[in-house]
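Shared between the two complexes below is subunit A, which pairs with subunit B and subunit C, respectively.
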Partner chain A sequence: MSAPTIETSTTTPATAGPREGAFGHAVALACRECGHRTELGPHYACPECFGPLEVAYEFPAVTREEIEAGPSNIWRYKALLPVPDDIEQSPNTEPGFTRLLPAKNLAAELGLDRLWVKDDSTNPTNSFKDRVVACALSAARELDAKVFACPSTGNLANAVAAAGARAGMKTVVFIPSNLEHAKQVNSAVYTDSLVAVDGNYDDVNKLASEIAGEEDGWAFVNVNVRPYYAEGSKTLGYEIAEQLGWRLPDQVVIPVASGSQLTKVDKAFQELITLGLVEDKPYRIYGAQAEGCSPVSAAYKAKVDAIRPVKPDTIAKSLAIGNPADGIYVLDICRRTGGAVEDVTDDQVREGILLLARTEGVFTETAGGTTVAVLRKLVETGQLDTSLETVVINTGMGLKTLDAVADRVGPAATIAPSYDAFTATGIA
Partner chain B sequence: MSAPTIETSTTTPATAGPREGAFGHAVALACRECGHRTELGPHYACPECFGPLEVAYEFPAVTREEIEAGPSNIWRYKALLPVPDDIEQSPNTEPGFTRLLPAKNLAAELGLDRLWVKDDSTNPTNSFKDRVVACALSAARELDAKVFACPSTGNLANAVAAAGARAGMKTVVFIPSNLEHAKQVNSAVYTDSLVAVDGNYDDVNKLASEIAGEEDGWAFVNVNVRPYYAEGSKTLGYEIAEQLGWRLPDQVVIPVASGSQLTKVDKAFQELITLGLVEDKPYRIYGAQAEGCSPVSAAYKAKVDAIRPVKPDTIAKSLAIGNPADGIYVLDICRRTGGAVEDVTDDQVREGILLLARTEGVFTETAGGTTVAVLRKLVETGQLDTSLETVVINTGMGLKTLDAVADRVGPAATIAPSYDAFTATGIA
Partner chain C sequence: MSVSVRIPTILRTYTGGESEVSADGATLADVLDDLDASYSGIKGRILDEQGELRRFVNVYVGNDDVRFLDHLATPTPDGTQVSVIPAVAGG
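And now, the complex of A and B:
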């Protein structure tokens, strides 16, 4: 959803250090650019080079059996996340372990041999954001934050407001004031502290970074606790592998907004290999963008390394990040694994939504429509091997972006309440 | 959602009988009134007395371990459902095994010692209907039906359209033509065969019964395969018991529309006791209705056995069945177990929605708001023992009935995008 401008890490120091084991087997925050290590805390930018920080671990031995004995949510992977061992005891929304659906109808439609839909629309607030927010909540708690917060226009706001309510934390969600009323309501039901900001999402985001820098004890999930938050997306990768019977798929198609999710699925696969939980094998990762906000796809096609920021103009608003923080890492992963980054038009996004609904009974939002449409385009352009096992990730649900398809579907017939009127339709 | 007028069981006979094991360990359809047994088939009314038919079983020995080794959906209980042993292999939406959330905040707010929310809003189409529809789909398939269908105004339509799409079956959903456009879209995304009927829900329902009687091979989930369909609700009871660590709760609060769900939770508890999967102990079952459609609550309060049909007038539309088919059984169960049936006003329903969202981060629809509000009223009126462990069931999700709370919540402040403007709000 949101890629904050990376700034110097001048945020709240914890008054006392976090408790022993507060971040599980995480040992440091490591810079993705220069490798410099910073101690675990509310930091997100490298003090040496201002590069983005990522959680580094020293994992213990972890077995499949230990994981399988865990709860039916992301905490079954707690040993691989920056969370304490007693994480299940703290009130949280219990996201994850969502369906991995065998998608035979969609596969047949697209000419694929074996296809799965990883369906994150059935998370507590109906998007994958519940995963990352659950990890951010744990960090906020362990860092003794007094306020749980985010800037957002949609899914993230829902997830933060819900998780904060359940945790009994003061929760403040910042949204652009011109956001549709229905979307405001979907967050406002959970919290009295929804703040509307007169400006666009970038303005809201900038304000959040400013507050994170000025105020003590604010945990902005996607700003100053972003390294912990982002780790939550690894669970999508873990679940795909476990639900396939502890093996990696050949190809995965993943939507790209900030790019974080795609990089974390790759990280998850690498960790599972390193830990001996799955066999080492090649896999290809593909990124999906909407044409109206496709800076990563554009760089991929132009065969360049730099991402040129764009001004988003697409119905896939949850993917509309014009300057994606992890875009360069997405490029690297998709190229290294033999995948690709592709984009589709808004009309193709709408078709993607209907295609998934009609073949597999999954009603996705515009981000999922984008991903399914890109899957189709990858097949049609020969960039994806149709004989290989493929997973497509659905990150959210269609009720949140109903307008995208509202004028495309409706009753086949309107009839009088009689059997004769019905038979006259020819539907019988 | 829907309680069809019970009619003579003149529906489609299967051309050949169903395959061996088509209905698992089910052995017959038994009349709930006179006990007469009918063979398994597309029948729903007793040929002797026109009473409602219910699935009867001869269960094998079933262990906790066998269930726990099953999938994270309702098919872990397949040995206790009228489905074949290979049910997981047939495309279905894989509903169930939803969260049982410890609800400490809500408990504290209401003055309860131990409270859980069984949250069915995270099912594939966001209501408990996915459970019953999955069982109906299996019956339709085993009975070789050519069309999968239902009359509905909401949740059931979504669930049937999605399950039918995924199963690759011809699916026809009948709705009143004056249904809000957004609700039509939410079903129409899945199917080309949405039929709008000029009339109210009763007219639509009557038309469905007529088609079921006239046409060969139509499986109307809540009409001619209703006995199989209804069994799906038992899984709510099984899951509550398993998720509590294989024991029954002391008190359960359940919404009442047709009343089927409440009776099936009781049936599930009884089966678990009989099978030795949980210890036999007393439990109380409470029914929740909205005042604008409270025929069962009215009968309970009047201490009578007969349900007097009403014309529904409430925002809790998914509970608005004026002549509930299982109302008399609800009365019997609530009285026998020492529970009660209670009702609340539409304003209390709205407060119930916000109460659950703000305490536990669960955004429910009006049916869930009704159930939470009834829970509160039962506490306030001393009908529920606050020292006993209680479970409240949330059957659906708030995005489907957003209007109910849309004018009650919103931003706490609207500000300019500056730190000074933010601090002036006093929220920091």
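And now, the complex of A and C:
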């Protein structure tokens, strides 16, 4: 059976369907706003109301044992993702099943009883983006895309460029031209088609949406195959539950850029409950933003439902999305679960990076610094229950944002190579 | 004021498949009215029942999101490009 050529249309169903089982147990794309269902294909906006489309499934029975017998990557959950059963046979970066660290030192520092760090900096390109990109790559293949592409704040560009190289696809990534140097290099090593755009992320995103609407055969991971891409973030929720011994945590703190990751962790928890893989229990989800780009936090605090877009101005560039596509759903989830959305200053972001590094030996980037700093603020303001088990998600690697802390750390002393010089420092 | 309007794929059923069309108007509201006169029903897909921009539609005058300008009252000088783009992207 021939696969359809990827279309730029957001409305027209593919003329020939994808191969049998191309999207696993997914059955349709459903609008989150009005519920309208669209055929599985390269569609991302509802033809009725422009609302976001989300993958809908008819799951088979899935057991813990079946999952535990799977590979040590996200494909152990392939029955719950929009990917074919033979996904492991196609070259991909095999991300996921990252460590869940007991964070006793950080817990003691903050006054928490039980704290875990879900450390996604150990993924193949050192951020959680490898998860979502792996699912997007599968969709791009099944839809016969010729070009694998994305607009990115950096980490996504790294992940797309690497996955595209591994898949042998032409890959084009678009980034704001002021992006951290390390993130530019970490993409450019994989592709000759890194495009730096003079503008902020929202400008880059607009350009990508325009290209996706005009060029045939392009799969923009977070534009026209976004429904499949976003599902990859569910694996963070699955892993947290499995690594806790098949139970849900009481509280989770998650960074918010577009808001997609937070909504998908909630979706994962709900799916695990529905499938009987974990016990149904209350949990609270908290969102973390940097003050210089905090449209969701601002709406939460103002007790309104509408997100007012902002022009980002923060060192947390991987969270610098001024017009977050899933922001309203973050508000819904945090309010429904009894969590909150909070924000911190850039100085607090830097302190968060150093706090995690010095208590747990984990070097996070600015997004993780934001999340840890928000965790501390939630504790200090009484918004988070210190007696409950808490998980904080570290989404990326500090080596990519060295500038954020470079002027705060360095040698404690520069000395002559002699014992006397060393003892004079007082370090011994 | 004659402007060009970029139409997203999702709305090209109204424009006979055209990705870019012309419209007249001194403000974005006027442009959308004129667009609707030529392509009946298209305005109702961009604006909600209260006459405001739908939550998941971004409209740009030039390169600027009108939510950072004067929303529907944003001026549309002669020769400007107006772009209508689904908002559910990115991240």
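One rule holds for everything that comes next: the second predicted complex is superposed on the first by the 401 of 428 C-alpha atoms of A that agree within 3 Å, B and C clash if a C-alpha of one lies under 4 Å from a C-alpha of the other, contacts with A are read in each partner's own complex, and residues count from 1 in each chain.
Methods note: a residue touches a chain if its C-beta (ideal position, glycine included) is under 8 Å from a C-beta of that chain, and two chains touch if they have at least 3 such contacts.
What you see is a predicted model; the values in this text were computed from it and never measured.
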{"item": "Touched partner set for A:Val223, first subunit B, second subunit C, both or neither", "value": "second"}
{"item": "Which superposed partner A:Ala162 touches (first subunit B, second subunit C, both, neither)", "value": "first"}
{"item": "Subunit B or subunit C, by number of subunit A residues touched", "value": "B"}
{"item": "First (subunit B), second (subunit C), both or neither touched by A:Asp385", "value": "neither"}
{"item": "Subunit B versus subunit C as contact partner of A:Ser72, first or second or both or neither", "value": "first"}
{"item": "Partner chain(s) touched by A:Glu109 [first = subunit B, second = subunit C, both, neither]", "value": "neither"}
{"item": "First, second, both or neither for A:Asp332, with subunit B first and subunit C second", "value": "neither"}
{"item": "Partner chain in contact with A:Glu214 - subunit B first, subunit C second, else both or neither", "value": "both"}
{"item": "Partner chain in contact with A:Pro47 - subunit B first, subunit C second, else both or neither", "value": "second"}
{"item": "Touched partner set for A:Glu94, first subunit B, second subunit C, both or neither", "value": "first"}
{"item": "Shared subunit A contacts, counted only where both subunit B and subunit C touch the same residue", "value": "199, 203, 206, 210, 214"}
{"item": "Subunit B residues touching subunit A - in the complex, by the definition given at the top", "value": "72-73, 91, 93-94, 97, 99, 101-102, 104-105, 119, 122-126, 147, 161-168, 172, 175, 177, 181-182, 184-186, 188-199, 203-204, 206-207, 210-211, 214-215, 353-354, 357-363, 397-400, 402, 405-406, 409-419, 422, 425, 427-428"}
{"item": "Residue ranges of subunit A in contact with subunit C within the complex", "value": "8-12, 33, 44-47, 49-53, 151, 199, 201-203, 205-206, 208-210, 212-214, 220, 222-223, 226, 230, 257-261, 306, 308-309, 311, 321, 323-326, 328"}
{"item": "In the complex, subunit C residues that touch subunit A", "value": "6, 8-10, 13, 19, 45, 54-58, 60, 63, 65, 67-68, 83, 85-91"}
